[in-house]
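Two complexes come next, and they have one chain in common, subunit A, joined by subunit B in the first and subunit C in the second.
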Partner chain A sequence: MAVSGSRVKTALFGFIVKRVSFLAVIALVVGACWLFVLPLPGQFRNTYISENALLPGQAQAYFRSSEWHYLRGYKEEVRRLSDKPASEVVESLSTILSEQGYYTDVYHHEPDKATVYGIFRAPRGDNTEAIVLVCPWTNGNGLFNFNGIAIGLALARYLTKWSVWSKSLIFVFPPDPHKSLREWVAAYHRSLPIQAGSIEGALVLDYPSDLSGFSAIDISYTGLNGQLPNLDLINTVVTIADFNSLPTFIHGGLDKLFNALPSFLNPLKSSAYFQLLSTLLSSVAAQVTSGLNRVAGCESFSGWRIDAITISAIPTSELSHDETVYGRIIEGTLRSINNLLEHFHQSFFFYLLLSPHHFVSIGTYLPAAMSIAGAFTLQGISKWISYIQNGSSRSSILKAFFVEAAILAFTFALLSFSLLFDSQLVAQMLPTFCACIIPTALYASPMSYALLNEIHGVALVLSGMALTALATLNFSLALVVGLISSPLMFLKPGINRMHAGILLLVLNPFFIFYFVGMFTNGYTYIINTFVSSWRDMQVWTWIIVMCLWLPLWEVSAFISMANVREEAKKEVK
Partner chain B sequence: MKWFAIIAALVGIRFLLFLYCKQLLAVLENNVAISTPLTSYQYLLEGLFYYSRNLEIYNGGIYHQSPILLYVMNLLDATGYIDLLSYMLWITLDVVSALALASMDDFRPLTAVIYLANPFTIASLLARSTLIFTSTAILMSLATAKRRRAVLAMTFLAVATHFSLYPAALLPPVMYMSVGSRLSLYSFAKTFFVFVAATSTCMALSYAIAGSWHFLKFYKVSLLFQELKPNIGIWWYFFVEMFDFFMPFFLSVFNLHVFIYSLPLTIRLRHDPLFAAVTVLGLHAMFKPYPSIGDISLYLSLLPLYSRIYTQLKYAWVALLALAYASILTPTFYHLWIVLGSGNANFFYAITLTYVIAMTTIISDTLWAVLRLQFDDGASSKQVIQT
Partner chain C sequence: MKLPALYALVLALAPGGLANAYDERLDITPLTGEHWLVSFDFNLSSAVSHHHQLFPRVLEGVLASSNASELHLRFGQGYWDADNWGLTPNNGANVAGTGVELWARIAADSYPDAEASWFSLANSLSGMFCASLNFIDSAHTTSPKSVLGAFDTNHSLYLFHGSLPSEPVCTENLTPYLKLLPCKGAAGVSSLLDGHHLFESQWQSMSIDLSVEDGRLHLRQSIYAVLHVDRTLERRINPVPEPEPYEAVKCDSSRDYSNPQNGICYPRIPGIGEINVTLSDLFGSPIKNGACLSKITSKSPQICLHIPSDNWSVTASDELSPAIKSVDQICYVIPPDSDFDLSIHSETRESVLPKTPSPILASRHLVGWGQERGGFHSVYKSTSGDSPVSFVTYEVLPWFMRVYLHSFTYTLFDSAGAEVATGSFSASNVSSDIAQLLYYKPAQPRVSPSHIEMLLTIPAGSKLVTMYQFEKSLLYYNEYPPDANRGFDISPAIVEVLTDSSSPRAVFRTTSSLLSLPTPDFSMPYNVIILTSTVIALAFGTIFNLVTRTFVYAEDLPKQSLAKKLRAKLSKITSMFS
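Let's turn to the complex of A and B:
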């Protein structure tokens, strides 16, 4: 009985074992298609305020016509400062802040670069919690943040008239929302002379125009390395904007995408599915390129448990909402954060937005990246199984691990090299170094088919594991890196070298960067952005490329280009 | 010669990592999967601070380890090179463990290499977890018991028990191993007496060092789970939200669980009591209150002694992959929970359950394989594979 039972089990096991590779393909297809299912009705949910204390929009906001003349005055002041040297700007801003009653200090980055910040001590608090308002001098696109600074100054004056604050207010005026802001946030947690306790929330004001009107607000929320602010913070801003009948967009809206589409697709633009999908994809893209491409400012707060978003106004010269509406949205959001009794924790930390009012949570979207990571593991296992079934007597798994370790050490050395000597020359040398594996494989002494297969299997299983861990930290990066490198899993020892060579070229990370660079700022710019983003903002993407994607490419190149020992190859057939 | 070079290289790597990767050491020392409140090197240094200033060691609520360790560390501290010397002591113990393991396997060098090359062993060593005193004593006890040196085996087991209490569960298999088939009331009484005498000696030494009986508190911390900190075990999550009036009941159940398997396993595996001891160690790596990956590495390092069962294992790859996934996701989820604040305790707990699943699979699989070999030498399973 027991024996026949195990015979059935063995037969079933054999049936599955023969098809593990097929299962890997299925997992890959499921993972690739998963995101396209999410915008279908029933797959996503409506956002809702989870933390009852927030009460968004319930407090009357008074930043209205009575503040108009102050705002105009500050606009004049900002206009006067716009062409002045940085030192004079810093001095004027700190004079204004200290005259308004703020404890003001200047943090010097470099001799001609400084961040002014001022703290308004909470009238009803114990100075252990604070809310930060950031008004960068230029915004993420390098535009002069004219109204952002003027509204910031007007709000700084206006907010001190209230006695409701239970959290201190910190106004920060960095030269840019990128490296300077990051340095200020790091310094706040280490060395700044005046402090106001833990930062409960941060808003970056972005209104790069002197036009009084704006048509909508746009919310950027991705943090570095896959971190996101609590969904309640975004919901609060969206709710307050709704009360002010102001449209909201997520991550730059859809205009850019729509303009790029050919005109015969116009009917698609109005379909709900397409709109939700494009916002979803732009959320994924924003998470992948966060800290690399356009730094909106909220990224700089990642790593200290601070929930931060950037609120950008979309200026318009037509008759529409005026600047004070923007100020009221900031005021309302501050009142809501001020209500919090404990740190943001109620709502989701893992989510993707499909529109300002719709989201998917981690349980719904994570299977996409997980099944791709699973495909790597399954394919790796299938390589091992085929090797075990061939009946080779002794395991060469230690040799396989040794090769994997050597390749990892090589790519790690390349990574250290690129980080230590950050220059255009190094960026151009990297592809040559990484291609060294191909002559090595061609001139190495022939290896058995089973060993090569096993080396590939080890690399695939390790990549699958690394992708799984990465997917829990940065879903989008794991998804994109997994998808792009997934064809590498189908390479085999002894495959036609021409075909393998073309596939390897197309899937090489540096070739892809070169290709992307042709349409953007060029290859060396991309590599230097990766390196500087690690140095200035601690963005891991370059590490992931060099320690996850490149090693897998190197191993796949090695096994597909290596000479296969003939008799071992026959054994397989 | 080749093996000697490999072992020398593995020891050399340990020195290089110690000399040039201080940051890595600090990260590992603070890792919850490696250092528990009962084995942490930082807590040991804290205890040493108290001890060297003649303060009451066990009142601070920080130090929960044996006073004997403090005495040894104090000796090292007196030379002024405590960092280097303690690290050399740890490496020596690691090598002794590897030799003890190899001696159980007819001095097959591969067994020692597998122990020394295990990443769990290396991580535990770099973090200078004081668990190594327990595990070396256990391995020495098993090695001597296998050679029927009952007095030595019992002494080492008493030392291990002194350091972390739970090795007491190894008493039945080790006793059975060291007396062998000549089990009589007299031999039983004799070996048990040695164990009691050695334990009393350790206690007396501890009393002499600590100057009072307060040191017994550190057993209480373990038995009553008084340091409620996350680790890779299954206790902490359970006791976090326990109502006070349920505590005595569940504490007894959980403690009973650690000890209860020992005797039945020894009786069932009396043809091979060493394997009973190995299985008990595997169960401890899951069920004791403060397990760490050092416990898992101790258990996994003993399995190569049973390389003959490898052909009978059914889920070896599944279990090893689960273990590998768990060990890469443990630091990730801890980071999400404690550092980023975006995850929560459930994330980390889910991973400790994965550890338990992997360990359960390995334990039941190996147990099945050993019993299978005992039953018909694996004859019928060979037949199935052929068809």
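Let's turn to the complex of A and C:
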């Protein structure tokens, strides 16, 4: 028995070893299709409130009737401020806040930029915990956050009438929800003179209109570098909105895109699957581009263990919910957060939302990125196995690592260069620098097929490891980078240079940015966004591009363009 | 009936002065238009004897069993806003920080004896006041070197201090507190002390100070609270702050658009203008008659309002006339035979007496990010314009905050906000003219906390910022308190402003801070236990099988006929019965 067992094992091993490359293709296909399986019934779960203390919507919200009079008063005030210079705005906002008993201070970023913030000391607290409400002057799309500010001011007045607060309330009025807010949050955790203890939650108010009506709210939740707020916070807002019979959307970008289509073509209208899928994909897209393009505001709180979301109202001139409903949703959410004795911790921190009421947790979605990362590793191993079978010398593995290290050093130098000298010129120069590898490969002395194969194998195994690690931190980024760069793993030494060249061009990160830039704000804008997002918001995406994607591209370009030593090639055949 | 009078006569004639002296008073001081400070003071002094007519017997028992010559207990909650409210009442001598704080001076032959008495003292007080004082163990205990009266050191007396900042103060602490009073809170100014109204306040502090001096026991109990007058009044009429009816909306008429008829209204600034309030509005009831008090003391309780009397009018019930009336205060003696109420009225409530400014404004908060390191950032601002201020800071940090003393830095800013001087502590240098390390005792994990005392001096009108870093230790699984994800409360720092020896030092406390430590997922161990058990069970089953069985090829087995098999079975069955 034992004899036959080992015989089977060897045979099976041999069978698998011959088909590792095929397994890599299967893993890649599984990874690419995985996300499309998730919206199928049975794959996702319904959201639920995990922390019992939250009791969302259980407290009656009173921001209504005559409070609307005050809100209109503040709207009038904001209207008068809308065309005033920034310094006057800052002064007026501080006056309004301090009139209502707030401890007000101004944080100056630059000579012409300042953030007003005011603290209401909790009547039932010791100034050790706080909730932050952010009303940026302009929202992430650059629109004037008219009602957002007015509702913020009206709530600031109204909430002081309650004695239930056990956490202090901090109202922040930054000029924008991007760099300014991030700087304020950083300053709060460094040296701001007025403090209210640790921040337990943050809501960003986004209502960029002076229309009294709004049709729905849209929740943006992604943080930077894959961080997410606790799912309980989103569930709380959604539950409260449900109680107010208000529709909610999650990162409602794709919905709008599809709504432009005629109704019979629009898959969202006909199928629940497509609705869930579109929200899922927009969640993934939001996570990849978080901190880069449209900044909702909640990203600024990433890194300090603060759960933050942005609640955007979708204004409408039709007869619908009035602006006090928006205020009541904020009020209800604040009451819920105020109930917490502990920091948010009960519910999920790793999830993707398919709709406001459905989610998939990390165990369900992670296989997508993991099997793509696995494909890299398997392909790397298959190249390595072919090296063992070819019986090359032992020292060649060191050579392979040396080449990999040299290329990593080169891309790291490019990264440092782009960060140190952040300018349009540098952005234009980067593709040229990265293309240097091709003449280097063409004019280098011929190398053995096995060595080139091995260099590629080392690079693939390293990329696989890096992608696996990245997938646990920032799932979406790992998925997207893995998918885009995956064709690189099929390049071989001595391949037709024309074919390889086309593939390399299409898969080059800078070419892709250029291509995307053609439809958006242009190539240099994209590169500068990457660089400034690292500098202002500590977003890793640029580092990942330069230290994971680009090295793999460089190695693939090198091995496919290099001259193969003839006799070595024969040996393989 | 005549007995109390006779007893009082005997006491009055007793040698060494009165056996018992008791007085109580209430002071009401508007701090701003909205915030009123109410201070209750109860003073009792009693000769040490075996008769416990007034002095609470339990307290004397506690003192005697622990050999304490001094005992101070504080319960506090809320945030004292020194910027707007000035110095805390009575120079802060009887004011509490956040949570519960206890310190005592204990007579003993040796330090271990004193420490044992201290723990037993904390334990007995814990039961008495329904507070978790029993959690004061060696990891919460320090011996202050230069604050809390530590400067007059007597070598046979040991001073101990412990605090529990996360302790919530509630009615269950107030009830035993009031029981210590001669009339148990049923008569006199203490009849106003009701948990619902006291704990509704913005800030409150309860203190007990007990000392033995010249053969007499002194007990001082003080309760201070800052009431938010509008919220207190509103709560009586309208417990939930529902929106005002449309006709009651108060608009600021100075803005041209502000018009309630159009539904547009810019709100009026709160806390200014007219106010009309009675004691029973503020506390829920008038002062109950003092018959109980008149039996035990000749001194009637006093109630004083500290207000600019030109702008305020005060009328007492039964048209009683004030005992004292001056520019800055109006005082009444509460009649012993009937209930007493006051009605207070002003057209300009925002006109209040100038406050005693705090000599310095201090704040301390946690900075940094991540679960590994953090820092404490403290700001001390001098309010006096003419002379430098010296003060001592006393900080006790739990052992799981590992302080790096070498990371201590300070920066001095002048009144214009420009940086004047910076400095740091290094191994060779722990003092300069600005910051001087008076005492430092590093923490011992699970045994004792870090204890830092520093002498800081800032020039007039300047601002001093100090900073130091610490590392967060990992706790054992069972060391996390319930609700571990809340974080850990760090005791407030105590700041004592040094003055020339004649006047008492001003004392105040910073707020407590909430430190978040890496917290495990407490359900994880159970998952791990279940998983490992499964794996072990599976592995054990297979291996056990392999080890205990003998494997033979089927063809090697001896062939057995059916009859033989049956006979074997039969013999097995019969052997069971034999």
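Some observations on this one:
Quick note on the criterion: the second predicted complex is superposed on the first by the 551 of 573 C-alpha atoms of A that agree within 3 Å, B and C clash if a C-alpha of one lies under 4 Å from a C-alpha of the other, contacts with A are read in each partner's own complex, and residues count from 1 in each chain.
Note that in this section a contact is a pair of C-beta atoms (placed from the backbone, for glycine too) under 8 Å apart; a residue touches a chain by one contact, two chains touch by 3 or more.
Because the structure is predicted, anything quoted here is derived from the model rather than measured.
When the two complexes are overlaid on their common chain A, residue A:G73 makes contact with subunit C while staying clear of subunit B. In the superposition on chain A, contact is made by A:F349 with subunit B only, not with subunit C. Of the two partner chains placed by superposition, A:H357 touches none, neither subunit B nor subunit C. Annotation for subunit A, partner touching more residues between subunit B and subunit C: C. Looking at the shared chain after the overlay, A:H109 reaches neither subunit B nor subunit C.
With both structures placed on the common chain, the touch criterion links A:R305 to subunit B and to subunit C. In the superposition on chain A, contact of A:I381 is made with subunit B only, not with subunit C.
When the shared chain is aligned, subunit B comes close enough to touch A:L473, but subunit C does not.
Touch criterion met: A:T128 reaches subunit C, while subunit B stays clear of it.
Judged by the touch definition given at the top, the superposed model places A:Q227 against subunit B, while subunit C stays out of reach. On subunit A, the surface patch touched by subunit B in one complex and by subunit C in the other comprises residues 303, 305, 343, 345.
Contact residues of subunit C toward subunit A in the complex are 34, 77-79, 81, 83, 98, 200, 202, 228, 231, 234-235, 240-246, 248-249, 251, 255, 257-258, 260, 263-267, 269-271, 363, 365-369, 371, 377, 379, 465, 483-487, 489, 511-514, 516, 519, 551. Remark: subunit B residues 317, 321, 324-325, 328-329, 332-333, 335-336, 340-343, 347, 380-381, 383-385, 387 touch subunit A in the complex. In the complex of the two chains, the subunit A residues touching subunit B come out as 3, 6-7, 10, 227-228, 303, 305, 343, 345, 349-350, 377, 381, 384, 461, 465-466, 468-469, 472-473.
Listing the residues of subunit A that touch subunit C in their complex gives 1, 60, 62-70, 72-74, 76-77, 99-101, 103, 121-123, 125-129, 157, 160-163, 189-191, 193, 195, 197-198, 303-305, 341-343, 345.
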